[in-house]
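Here's the structure, in structure tokens; my notes come after.
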Amino acid sequence: MRVRGAGLIASSAVTALKIAAQKSPAEDPGSFMRDLSDAARVLLETRPTAVSLPNGIRYVMHRVNRAKANATSGADLKLVASKAADEFVELTRTAVERIGEIGAKRIRDGVVVLTHCNSTAAISVMTTAWRQGKKFEVYATETRPRFQGRLTARVLARLGIPVTLILDDAVRYFMQDVDMVLVGADAITANGALVNKVGTSMVALAAHEVHVNVNVAAESYKFSPETMIGELVEIEERDPSEIISAKALSQIGRRVKVRNPSFDLTPPEFVDAIITERGIIPPLGAMLILQEVFGVLTPEELTEYQTYKLSEA
Amino acid sequence: MRVRGAGLIASSAVTALKIAAQKSPAEDPGSFMRDLSDAARVLLETRPTAVSLPNGIRYVMHRVNRAKANATSGADLKLVASKAADEFVELTRTAVERIGEIGAKRIRDGVVVLTHCNSTAAISVMTTAWRQGKKFEVYATETRPRFQGRLTARVLARLGIPVTLILDDAVRYFMQDVDMVLVGADAITANGALVNKVGTSMVALAAHEVHVNVNVAAESYKFSPETMIGELVEIEERDPSEIISAKALSQIGRRVKVRNPSFDLTPPEFVDAIITERGIIPPLGAMLILQEVFGVLTPEELTEYQTYKLSEA
Amino acid sequence: MRVRGAGLIASSAVTALKIAAQKSPAEDPGSFMRDLSDAARVLLETRPTAVSLPNGIRYVMHRVNRAKANATSGADLKLVASKAADEFVELTRTAVERIGEIGAKRIRDGVVVLTHCNSTAAISVMTTAWRQGKKFEVYATETRPRFQGRLTARVLARLGIPVTLILDDAVRYFMQDVDMVLVGADAITANGALVNKVGTSMVALAAHEVHVNVNVAAESYKFSPETMIGELVEIEERDPSEIISAKALSQIGRRVKVRNPSFDLTPPEFVDAIITERGIIPPLGAMLILQEVFGVLTPEELTEYQTYKLSEA
Amino acid sequence: MRVRGAGLIASSAVTALKIAAQKSPAEDPGSFMRDLSDAARVLLETRPTAVSLPNGIRYVMHRVNRAKANATSGADLKLVASKAADEFVELTRTAVERIGEIGAKRIRDGVVVLTHCNSTAAISVMTTAWRQGKKFEVYATETRPRFQGRLTARVLARLGIPVTLILDDAVRYFMQDVDMVLVGADAITANGALVNKVGTSMVALAAHEVHVNVNVAAESYKFSPETMIGELVEIEERDPSEIISAKALSQIGRRVKVRNPSFDLTPPEFVDAIITERGIIPPLGAMLILQEVFGVLTPEELTEYQTYKLSEA
Amino acid sequence: MRVRGAGLIASSAVTALKIAAQKSPAEDPGSFMRDLSDAARVLLETRPTAVSLPNGIRYVMHRVNRAKANATSGADLKLVASKAADEFVELTRTAVERIGEIGAKRIRDGVVVLTHCNSTAAISVMTTAWRQGKKFEVYATETRPRFQGRLTARVLARLGIPVTLILDDAVRYFMQDVDMVLVGADAITANGALVNKVGTSMVALAAHEVHVNVNVAAESYKFSPETMIGELVEIEERDPSEIISAKALSQIGRRVKVRNPSFDLTPPEFVDAIITERGIIPPLGAMLILQEVFGVLTPEELTEYQTYKLSEA
Amino acid sequence: MRVRGAGLIASSAVTALKIAAQKSPAEDPGSFMRDLSDAARVLLETRPTAVSLPNGIRYVMHRVNRAKANATSGADLKLVASKAADEFVELTRTAVERIGEIGAKRIRDGVVVLTHCNSTAAISVMTTAWRQGKKFEVYATETRPRFQGRLTARVLARLGIPVTLILDDAVRYFMQDVDMVLVGADAITANGALVNKVGTSMVALAAHEVHVNVNVAAESYKFSPETMIGELVEIEERDPSEIISAKALSQIGRRVKVRNPSFDLTPPEFVDAIITERGIIPPLGAMLILQEVFGVLTPEELTEYQTYKLSEA
């Protein structure tokens, strides 16, 4: 399984951090820490667009920070940094596949699954279930404005999964035929709220209205530890031209404003289960996942590595 | 104010019925009734796509039926038919303007109105309020697949009303800034449910979630009397090509099905007020409007004139 | 179609009232009114167990009362009484069949209907739909303590309708497979609340939870006009022996109390449609039905004929 | 306090596992592990009908697995296995009593408690509170089809607790008089959902409707760790003859199907508190209990010991 | 029973209108209409603070308007005006007592009633029930800022009704002990929304949360017909000094703003029943009451008499 | 930042405990434990009115208890007690400031914050945000009966924050203008319920109705560990004279009872976030905070230190 999207971004950054660690000539722990911190800062200055990059750096830095007290040389910490980086890269390499295996158990034979946008993790769940011989059907929204739902439809249809493409607007119309919703995540906050492709919260609301289960497939590095200290995930608004061409807009009138947020926030009460590579949790288990993966981070660690702005690749 | 859409369809049919009545050579009431019924049947066989057409015919026929008992000649009934037809045509001519006047009172200064699709009656409310000097702002959804929201944006922007065009998927994202929802209606059932452009029920659900008022602008001939006797409004599914071109679809895969319903049904509990030309009613006042406009129809009258299938013009 | 249950009770009483009217030797209107009122009182003193009996008497008396002012002889009123009685008897004779026709339109092909207890009117809806060629399936609760659900199952199964018998306790378990609930009524209050076999409100609650439509089949003489003036429908508690034999109870312990209410009250917000012989109404249309059938009753008329206590036949 | 039901099943199996451990002649850790695993497998092949049995085995095996790395002989592991088995048996012996003590604090003087079915742990809460001198009243449902509610009524009544036996169908009717619901559990999932006697979810729904607290008494070995990795608890459907005798069924008609699920699933939002022997938790604390009792299980440990099917004893 | 408050205001104005009618020297209908309209206008220019005054005038004028077509002299219309005025005055005189009789039937023995503010009609319901021998208890909120709840407490306590005075803030705390809420109305809109003393909507919300019935005692002249055509009831904000003395405010700081709305709006879904002198209706029956009392008013009649601003006496 | 209220109470008691520890002449661990326990008992016998005092003692005693096993002398334990006491005092000294920093991130520019009563922690959040240059507005309820809202208004207004003082009854009226609710806590239970100034639960209910976020600022020593084992927080009812003077009450009537509870309980589903000095948690994270701060307490530790009764200072 290829590493894609948020996982790839993070694992590349963490590999870069590992290389920086290995290249550091520092002999004492203090100098090494400075070198490593500098590298981390440079990586964060790339203005990351996914929560996974700062999470990767946080993963490594937290382990090095903890080891600092007992380290007697830069080499000691170099070892810790390398090992942590390798662990994280391995995590990104296997998480999606593992999510597929765990999540597939949630798909019963004969159900109708509704999905929105194009999520590697969610697709992994569906393809794994299909390969296990389960029979089910998928409704995929077209997902305006960039029609990522068509990609989802294509991937699933190639395996032979019956797919129906529908308008985003028709989700509630078809909800009575749907047995479960399955979407991916761009980020998960500490209280279990879901940040994902705009429209996801409407899909979840429509599902919640009739008690259709909403399942989110999310690697643990999608969880956003800095929300623990009150930071709000910043949401990008993208170019109007994704929605309407400049020409068409000029015909409507120059005064018409266009707003194009990429994501929206689904409150935890609309989410039934989050499928991670560590197991299935209710949204309010997000804090536990954060603790398990990142340990108990200090306020400084939480604050230092959070400078990203969610954006679509 | 020009008669458009559903009003025009109905008033044309009623005018045709009037002409048929006037041309009838029948001297006795019975023969006249047969001529008129034949004309009505032919008009219904055009396979109407709006509830207004059978409603117009029902309006005239009900009055003629009631007059039958005391009529002594075909001429008596001819007069009744002509008068009823004229009344109905006048109704279609003035309803939208009247709705504008009544509905404008619901728009307070400084509010944000969200609208979906392109409704003459809803636009009449907004333009009337604007001309009265009220200042407000409008969020218009683009309304996939045919982008009627752009038409709405254009009409409003020309008057100087500040309009923001948004994705259908972004309705819940922006709902926290919205003070009222205002949409039109393709049909209203006897229990106050709203049949309108697909996606309307999601807009209403998202508004209902945070107690934002949902207002529906609907001429009385949009109310569907036959739902009193259990008929369900039949909803058209339109061609896939509206959603995705044949070529793009073939790239996704031949097996992918596309479903494209034009309308959806918003339950009465998500609607706060229906603005008709007879006043503002709660959805559960739909039965009263039906009685006032059409009188108490017999089961036969309800059944006979109901053969339409809701479709977009 | 045989007249059964509440309809039969009412039509018998109204027939008795008609006979009393015809036998009255009174020549002036005043004497006639006294005779008729005496007869009405005697009929009510039978301690009726259904709302239909006082409704029948109310139907006749209201029409006689209205005619009193212009009557010049007992014979005038006798005619009015006879005609009203005949109308009412005819109503009871045809209501259930008419409800079957109207309600059958609500049953779509392929649906699963859940029903509770044994209602002639609800069964009429299902059998009519089946005879029209519609294919559907029925879940029937066993309906403790008297297992009336078995009767329902037998009637439907004889026609070939696929029936599944389930525990009352399993209603929510199966609700995800159900498309509509259909039950009868023992009484409907002025604000549209439903009084029916105990457990009905739990079925409706479980349906409401997932937006499954709840349909009630109810003849217009099941509507309870006296609730307009604040009267509450009195609900019978039946003998413990229906629930547990005296012997079994004594084994549990003498101190264990048993309570066995026959009916419960389903609030109007859990009911989507009431199917009457006059059309389908939302629960809040109950007042309209009351006005149409009984006219605007005076407070005295409302108060005078209300002495019944709901009980199972 | 006698160990009963799920606790007894589990403690017997764990005792058997301990005996197998002690009888193992293996001298090296590897051979011992094979012996112990074989014994575990045999015990699971009894097709257990409660979550407690695999939980007991999981409890022991997890501790042995952890000790494996540092073990130098089979005897080392034998000791670990014995100690873990003893701990678990002690847990089953004391859990119900401890739940009684903790839960009794939730019962205020003068309240009305409603219970469904027959749960040792729930009864322990009530009898403990009663023995502490608290005065309260209990509504016990009869609990179709096997009338376990009568057992509950008998046990409570013998202590002098005032008990009222009611129909399952009458729960919502009486809910306005009820101050708290208290039931047991057959299993608790990782996200805090409750699997219990069919009808429990309707009781909880009716309580939730009017904000009556729903309390669940559940020993920690009722929690189902494998639901962490997406497994769904499999629910048995029992023989139709529990609901209706073959003879009665044949009278209704051979085509009538009978379905008889034993349990249903109550979503966590309908549960206010779970009373365990380790304290009272909200449903979403289920994951914490699982971690505290079983430790962080590996995916293999979760998968290996899950082959049971919930069934009534 | 003394006419008080809104009833008194209206009946005084209507009496004045009657006197003006009788004093009019006009001989032809047209001149009479002008005189009467002038008088009506003057009465409305007193800037009425209750919906009852314009309602009274509307009641009379509507009947005179209808009679105009067939009137041949001013005297004809004078008679109509006098009769209508007398009817309306009689209505105000008896409405509260009649509401007491009807509403008393809703109070069961042994219940706890919670009330807010000081409503003549609501008090009439409670005192009537008490005089009928029913035993019940009342929780009265103190009702900031003017402590009208103390008046309510005094009136009820004098009759011997057990009253508990509580903070407005404590309503939800005590709601678990409450069986029904009973309040009055300053106005009722066409869709059944209630305009009443500020805080009423919070009381209703807290009651609705636990399905405690909310009953509103409202004379028919409290219903606001002009809301049918979209008018919104204007709500007064009163002087800050009612909340905080100028001195205390100056100690807090000059920049602190104080806002003091007198009323709030309770949506119809939080109201279970409106007790009028014509019977008990669900909130969505408001339109029926309006039609019964005022007839079908023309848009002009609705618009002309609506210039009031709700205010506390 | 001055230590106030609950923090001051607790830190004083813990300081007293530390002094007692230091003064203990005990040489062996057992004697020391007896001395320390005696001191703890005396402190608890002051009948504390806040959860913070027993929490402080529990904090120290838990650490001493854990150290007991390995202690060889009283001096060993004395050291542990002193260190734990110092930690706890430091915690109370810095918690409010830290909550201010963390919570300030939740306040966006331009929002309207509604607050109830007077909470040091909530005020710390608002003043910190204001000092960071954020612009926002505050609605403060007057908070009957003791008008603590005026204190809040004064503190905020002095910093230049725009404050509007409103009636407690007007909260729902203004809620449509509010972006977030922010209140303090008197106690937080193990399942995340909030015990705070009476009326808080109504504010939270009104906010929840329209999905306005409810934020609670609460130091970790406000969390109530004994609720883990089923204890209910006992709520004080204060003197009637706070609500109404004896004289005014005598005018109303001697029989009128007055009830004056100080606090109410807001269920966790109405709370969106709890801002602690350790980060922001959802209400259901309360158990995690308890574990982090106090460790896993034994049932004895939970039971021993719980004898307080919530009361206002």
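Going in written order, the chains are labelled A, B, C, D, E and F, and every chain counts its residues from 1.
FYI, contacts are C-beta pairs under 8 Å (C-beta built on N, C-alpha and C of every residue); 3 or more make two chains touch, one makes a residue touch a chain.
All values derive from a computational prediction rather than experimental measurement.
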Chain labels contacting chain A and also chain C: B, D
Any chain in contact with chain B as well as chain D: A, C, E, F
Copies chain F and chain E - interface residue numbers shared by over half, same or different: same
Between A-F and D-E, the pair with more C-beta contacts: A-F
Length of the line joining the C-alpha centres of chain A and chain D, rounded to whole Å: 36
Geometric centre distance via CA averages, chain F-chain B, whole Å: 57
Averaged-CA centre spacing for the pair chain D and chain C, given as whole angstrom: 44
Chain C, residues touching no fewer than two other chains: 209, 211, 269, 284, 288
Category of the chain touch graph - line, ring, star, complete, other: other
Pairs of chains satisfying the touch condition: A-B, A-C, A-D, A-F, B-C, B-E, B-F, C-D, C-E, D-E, D-F, E-F
Touch list for chain D against partner chain F, complex: 102-106, 108, 211, 269, 272-273, 275, 279-282, 284-285, 288
Residue ranges of chain C in contact with chain A within the complex: 209-211
In the complex with chain D, residue positions of chain F that touch it: 190-192, 227-232, 267-269, 284, 287-288, 302
Chain C contact footprint on chain D (complex, rising order): 142-145, 150, 153-154, 157-158, 160, 162-174, 197-199, 201-202, 205-206, 209, 243-244, 248-249, 251-253, 255-261, 264
